[in-house]
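Okay, so here's the structure we're looking at.
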Amino acid sequence: MMIVMSTQATPEQIEHVLARIREEGFTTHRSDGADHTVIGCVGHLNPDTVDPRQFELLAGVAQVVRISVPYKLASRTFKRDDTVVDVAGVKVGGREVVLMAGPCAIESRAQVEAIAPLVARAGARVMRGGAFKPRTSPYAFQGMGEEGLRLIRDAARAHHLAVVSEVMDRTQIEMVASYVDLLQVGARNMQNFDLLKDLGRQRKPVLLKRGLAATLEELLLAAEYILAGGNTQVILCERGIRTFERATRNTLDISAIPVLKTMSHLPVVVDPSHAIGIRDKVPPAARAAVAAGADGLLVEVHDQPEKALCDGAQSLLPAQLDGLSREIKVIAEVIGRSYGLPV
Amino acid sequence: MMIVMSTQATPEQIEHVLARIREEGFTTHRSDGADHTVIGCVGHLNPDTVDPRQFELLAGVAQVVRISVPYKLASRTFKRDDTVVDVAGVKVGGREVVLMAGPCAIESRAQVEAIAPLVARAGARVMRGGAFKPRTSPYAFQGMGEEGLRLIRDAARAHHLAVVSEVMDRTQIEMVASYVDLLQVGARNMQNFDLLKDLGRQRKPVLLKRGLAATLEELLLAAEYILAGGNTQVILCERGIRTFERATRNTLDISAIPVLKTMSHLPVVVDPSHAIGIRDKVPPAARAAVAAGADGLLVEVHDQPEKALCDGAQSLLPAQLDGLSREIKVIAEVIGRSYGLPV
Amino acid sequence: MMIVMSTQATPEQIEHVLARIREEGFTTHRSDGADHTVIGCVGHLNPDTVDPRQFELLAGVAQVVRISVPYKLASRTFKRDDTVVDVAGVKVGGREVVLMAGPCAIESRAQVEAIAPLVARAGARVMRGGAFKPRTSPYAFQGMGEEGLRLIRDAARAHHLAVVSEVMDRTQIEMVASYVDLLQVGARNMQNFDLLKDLGRQRKPVLLKRGLAATLEELLLAAEYILAGGNTQVILCERGIRTFERATRNTLDISAIPVLKTMSHLPVVVDPSHAIGIRDKVPPAARAAVAAGADGLLVEVHDQPEKALCDGAQSLLPAQLDGLSREIKVIAEVIGRSYGLPV
Amino acid sequence: MMIVMSTQATPEQIEHVLARIREEGFTTHRSDGADHTVIGCVGHLNPDTVDPRQFELLAGVAQVVRISVPYKLASRTFKRDDTVVDVAGVKVGGREVVLMAGPCAIESRAQVEAIAPLVARAGARVMRGGAFKPRTSPYAFQGMGEEGLRLIRDAARAHHLAVVSEVMDRTQIEMVASYVDLLQVGARNMQNFDLLKDLGRQRKPVLLKRGLAATLEELLLAAEYILAGGNTQVILCERGIRTFERATRNTLDISAIPVLKTMSHLPVVVDPSHAIGIRDKVPPAARAAVAAGADGLLVEVHDQPEKALCDGAQSLLPAQLDGLSREIKVIAEVIGRSYGLPV
C-alpha cells in the first residue's frame, strides 16, 4: 500500500498519517517528491485485513494505492505452473480441452439415459446435469434432488463419463459429493462464504462459477476461500456477466480467459449456454472460447429441448453438439491444444 | 403470455405452435391481424413454471411476450394496501420514517455501549451491527459471532432499541433469531434460495437487501420465496447496484424507491452507507432517499471510525448522524411523513 | 505517476524502466522497499500526454499508478471557490436552487405560449425546449429547427425567463447562440470533441450533460475541453447512466452530485425526466436531487403530455410541477439553500 | 404494437384507449381474453414516429408491447442476403475474412512506411491509422490531420492496401473521403446524428463502431441513419462495451457477432485492440472473433509500440501479427471461410 499525500499537506498531517500507519502494524517508507510526499507501507503480517479506504479520510491524504493483490494462493505469483485438476481421472487444465455436457436439469431416468451416449459420442469427458436448481422464481421447477443424482451417476458410468453437479447449500455437500466427481458452485452462490469454506475442508474438486456482477478479482478471492481451507482443486468458470445489453441473456466476457490465465494458475472453463441463452448462438461462442484459450467447455444439450423442464431454449440439439466437437478439435490444435474426439 | 408469429409464418407453423401451447397446459386465443397472427395463452394453472423462451425457438415465431409479472404475493396487484412490518413494536412502512443505525461490525462490549446511546439520541428505533460478516477476502475480519449478538442485544435493550443483524446461512437462523428482532439477508445472499425458503418458514421479520446486480423484479422474486413460505413480514432494502462508475463504491438507485412502491406493497428502506462507501457523501444520499419516499434508512455510525475493524471509511461520525436526523425530520414532513426525533 | 516494480524484477529491468521514463521527459525518484522498488515519475511538462499503460508492458513492471487527476481547470484543486454561472442574469451555482422547465421538444407557437406561464408560475428561471432533437431512430420527429428557437425565445421573453436549448453540431453554434442564453450539449454529444472545442471558443454558457456511459472523470475531461478554450461558464448535468436495470429508462446517479462537488468547482444540475422516463417517478427523483445538493433541476413539463411529439410519457403535468416547486422550496431551505417561488 | 389492458380496466377506459390509438393513426384490433383485453395496433403509416411509452400512462393500461423492430433497411427481414461491402475492391462480408491493421495514430512518414509492409505481409487488405483522434483529454495528442492522411495514403498504395481512417465531424467528410477508401465513425460518434446523415448522402463505404453503451438495436438504428440517406455500404464494428469489469479496458461482446448476423444483413467486424487494451490479450480475442463468425478484424500494430504516441500498450508487435494471421487462416477454414495469407 502506498499513500500519496496532497500537495497542500502540512508537515503535521504527514506525521499524523505516519503514526496511524505504524499503529496499524506497518513499517513506513517515506519519500518526498517535488509535489507530493509518498508513504510506502510495508511489512504488515496480514495486509489483507486492512481496509485501505480508512486512510483516505485522514487529513492531507490525496490517494491510497493498493499494491499487492488481495488473493495469494490463487495467484500466478504464488504458483508459477498451471494447476491441473483431476476429475476422476479427467485432467482439466492440461493440454487437452475438456468438454462437459448434459441437460440443464435431470428430469428422469429415460432422459439421462438418452443424453449420456450423445455426450460420450461427442468426445465429452464429463456429464453435467442439475439435481438442485437455483431458480429465480419460487414457482419454477426446483430439481429432482438426490434421486436425480443417482440417475445421472448411473447413466454417466455406463458411458465412462465423470459427473459434475451443483451443490446449493453447505448442508448438501457430503451427500452430493457421494454421487459426483466435481462439485459445482453456481453464479448466485459465488459469494456464499459459508459454502465456500466448507468446500475448502473436503477434497472433491470444485467448479466455481463467476457471479453475474463479480469482477475477476472477486472470483479469485472466492477461489481463495476454498484454497485457504486446503482444497487445491478449483476450476474457474466464466459464464457471462450482466450488462446493459438485452439481446443475449448475459454478456460472455471472452477476454476473461486470457486475463485469468495471467492472474492465476487455476484452470478456466467457459459455459456459453448460460452466457448467451439462445441455442443458435451457443456454438459460435463455444468456438470462440476455445480459440481464446479456455481449458474446457460446459455446454447444455438435450435430446428433446422443446420439452425440457429447464432452459430448453439454450440447449444444443445432439447434431449441433457433434458439429461443435469437430470444430473445436481443429481450433484446439491451432493453439497447441488437443481435443479427444473418439475415432 | 402472447406469441407473435412472424409475417412469413405458414398456416402449418401456426397450427404447430397452437398445438404445443395447448400441450403445455394453456388455453389459446388466436387473432389474425393484417401483418401478424397473435396467439394469446391463458388459463395455465401455474404459468410461472413455463419458460417463455422455449416458444421463441418454434418455427414461425417472431416474439414471445410475457404479460403477467412473475411474482404474486409481493405484488401491489395482490395486495393494494401498504404492508407495515412490525419490528418488536417499531412500525416500518407506516407514516413514520424509521432510522436504523449502528456500527458495521460488532467489535466489543465497550464499542456497542458507546454507540447505542448515540443511536438513540438521533431518534433511531433500531440498532444495526454485524456479528457474521460476509467479507470478499477470506483474510478479513469475519465477525464476533454469537458473542457479538449477545453484546448488541444488551446494549440496545438499555436504550429501548430493536436490533437488526445479518444471518448468512440457514444453519444460523434459529440462533440469530433468538437475539435479534429483524433478520437481515445481505446483498450477496439475495439469491441464496435455501436461506430464503427457511426464512419463510419462521416468523421473525426479514430485511432483504438487493443484490449488486439484481433487477427490481429479481428482488421481488427473492421476497416471493420468503412470502411463499408464509412469512409476510419482509422489508426491501436498496443498497446500491454495480455499474461502470468507480467514484463511489456502488451506484445508489434512488428511483428504485418509487418504482418498488408501485410494483409492491412491501416497505422499502435504503442503506446509503454501502451504496456510497464514502462518509461525507452518506448524508446527502440519506436525505435524498427520504425525499424520494423511503420508509427508513440503514446507516453506519461509529464513535471512532478511524479504528473500526470494518468499513470505518463509510461510517458517520456521531455529530453527522445528529445533523442528518434533524434534516430528515424536515424532509419527511414535506412529503407527509414524520420522524420521531426525541425532544 | 508511480511505477511499482515486480518482486522478481532484476536490476537490469529496473534500470531499463528508469531510462525509458527519463527518455519520456520525467524526472525519476527511486525508492527500494523490502518487497518492491517503486519509481516516482515527476516533473513532466505535460503529463497528460503520456499514456501510463505503455509502461505496464515493460519487463519487470507490476503496476503503474496515476497520481494526478487528468483534468486541471475543472478541478477543485485548481479553483477552490464554487463557480457561479450567469445565465442572462440567473445565477446557477449560488445559494438559490434554479429550476429549468419546459417541453421536450418545441412543437408550435401555441404550445410554448401555453407552457411558458406554467413554468414561470412554478418559480422556474429558465425555459427549456429542444429545436434540434437527437433521436435514436431516423424516423422519429427531429425538431422544428431555427423556427422553434424563435418561438421559444418569444414565449420565454414574455414571462422573463431565460432559455436553454440543445446544439447538436458545431455548424449550428452561432445560430443557436443568437436565440438562447444557455447552450446545451446532449448526452450523446458529451464526447463530440470538435463541438466542445468550438463551444470553448465562444462566450455563451454551456450546460454539459453526462454521457450514458461516461464516468464522472470523463465528464470533467469533457468540461475541460470547453474550459481550455477560454469559456469558464460550464454547468454539469447528471441525467442518468445506463445500467442493467430495466424498470427505469436510465439509473439516476444521485451520489454524482456530492462527488462532483468535491472533484470540481462547477455547478451541478440534475435532469430527472430523462433519468427516470416515467412521469410519476420524476417528482420523487427531483426532490432527491435537491436534497442531495443539486444546484438546479432540468424538468420536462407539458400542458398536454398525451399529445406531445416527444417524451410525453415523462413530462410532468402542470399541477405536478406546482406541487414539486413547493416541496423543493422546503427541502432547499433544510440544507441552507433557497428557492425563488413567486408569492 | 399491442396494448395489454389491466385486469381491473373498466369498459370506459378500454374505449378511451381505443379512441386515442385511432386518433394516433392506427387501426385497432381488439380481443377480450379471460383476464385481459388486448388491443392490437396496426396499419400506421410510420409507426416508428410513435413513442409507445405515451400509451402506458393511459388509465387502465397494464403494458405496451412493441412488436416490430424500429429499424427497417438494416434488418435481415428487409434484405435476406448478406450485404458485401466493396472497399476499393476488397470485399467485406463475403467468404474471405478481411484483416485491417495499422497504427492507432499516424505519426510520421517513417512510421507508416515501416508499418505498411508488415501489414501487407500478414495478409491484411486494408491499412488503418488515425489522423483525427478523439481523445478523452484535451491535452493528449490529437492527430496529424490532413497531412497524416496523405502519408498513410502513400504508404498503403505502395503495398496495394486500401485505407480506413476516422472522420470526426461532418465538416471533414469530403476532405477525408478524398484520401481514404473506408470512412470510420468512432464509438463516441455513433449517435452523432448530423454526421451519420451526411455520411448517408455520400457514397464512400462507412465502418460504424458500436458506442460504449450502445445496445445492438441502437447500433442498427445508427446504421439506419446512413442507409436511409441512400448509402448502402455500411460495415458494423464491435469494439467492446463498458461494464463493471476493470481488468480490461472494455468488455468484448463476442456474441454480438452471431446476434447481429441474425438481426441484420450488414457485415460485422471486430476491433479487439480497443476492446481489450492489453497487447498480450489481443491475439486470443482476435482468434475468438474469427471463430465466432466475424467478417473481419481491425487490429492495431506498431513497429515500435514502446514509442507510440497513442495506445502503444495495445498495439501488436509485428511478430504477433504474423502469428495471428496464421492462426486465423486455420480457424476461418474450420467454419467455411477463407483468409488470404500470402504464400
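Labels A, B, C and D are assigned to the chains in the order they are written; within every chain, residues are numbered from 1.
Keep in mind that, in the parts below, a residue touches a chain if its C-beta (ideal position, glycine included) is under 8 Å from a C-beta of that chain, and two chains touch if they have at least 3 such contacts.
These numbers were taken from a predicted model, which means no experiment stands behind them.
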Intersection of the contact lists for chain B and chain C: A, D
Centroid comparison with chain C (C-alpha atoms), farthest chain: A
Mean-CA-position distance for chain D and chain A (Å): 31
CA centroid of chain B to CA centroid of chain D, Å: 38
CA centroid of chain C to CA centroid of chain D, Å: 26
Numbers and ranges of chain B residues touching at least 2 other chains: 213, 242-244, 246, 278
Chain B-touching residues of chain A, taken from the complex the two chains share: 20, 46, 48-49, 51, 53-54, 56-58, 70-71, 134-141, 168-171, 188-189, 191-195, 197, 211-213, 218, 221, 224-225, 228, 242, 277, 279, 305-306, 308, 310-314
Interfacial residue positions of chain C with respect to chain A in the complex: 2, 4, 7, 27, 29, 31, 33-36, 38, 40, 42-43, 62-63, 65, 67, 77, 242-244, 246
Residues of chain C defined as touching chain B within the complex: 213, 215-217, 241, 243-248, 251-259, 262-263, 275-276, 278, 280-281, 284-285, 287-293, 327, 330-331, 334-335
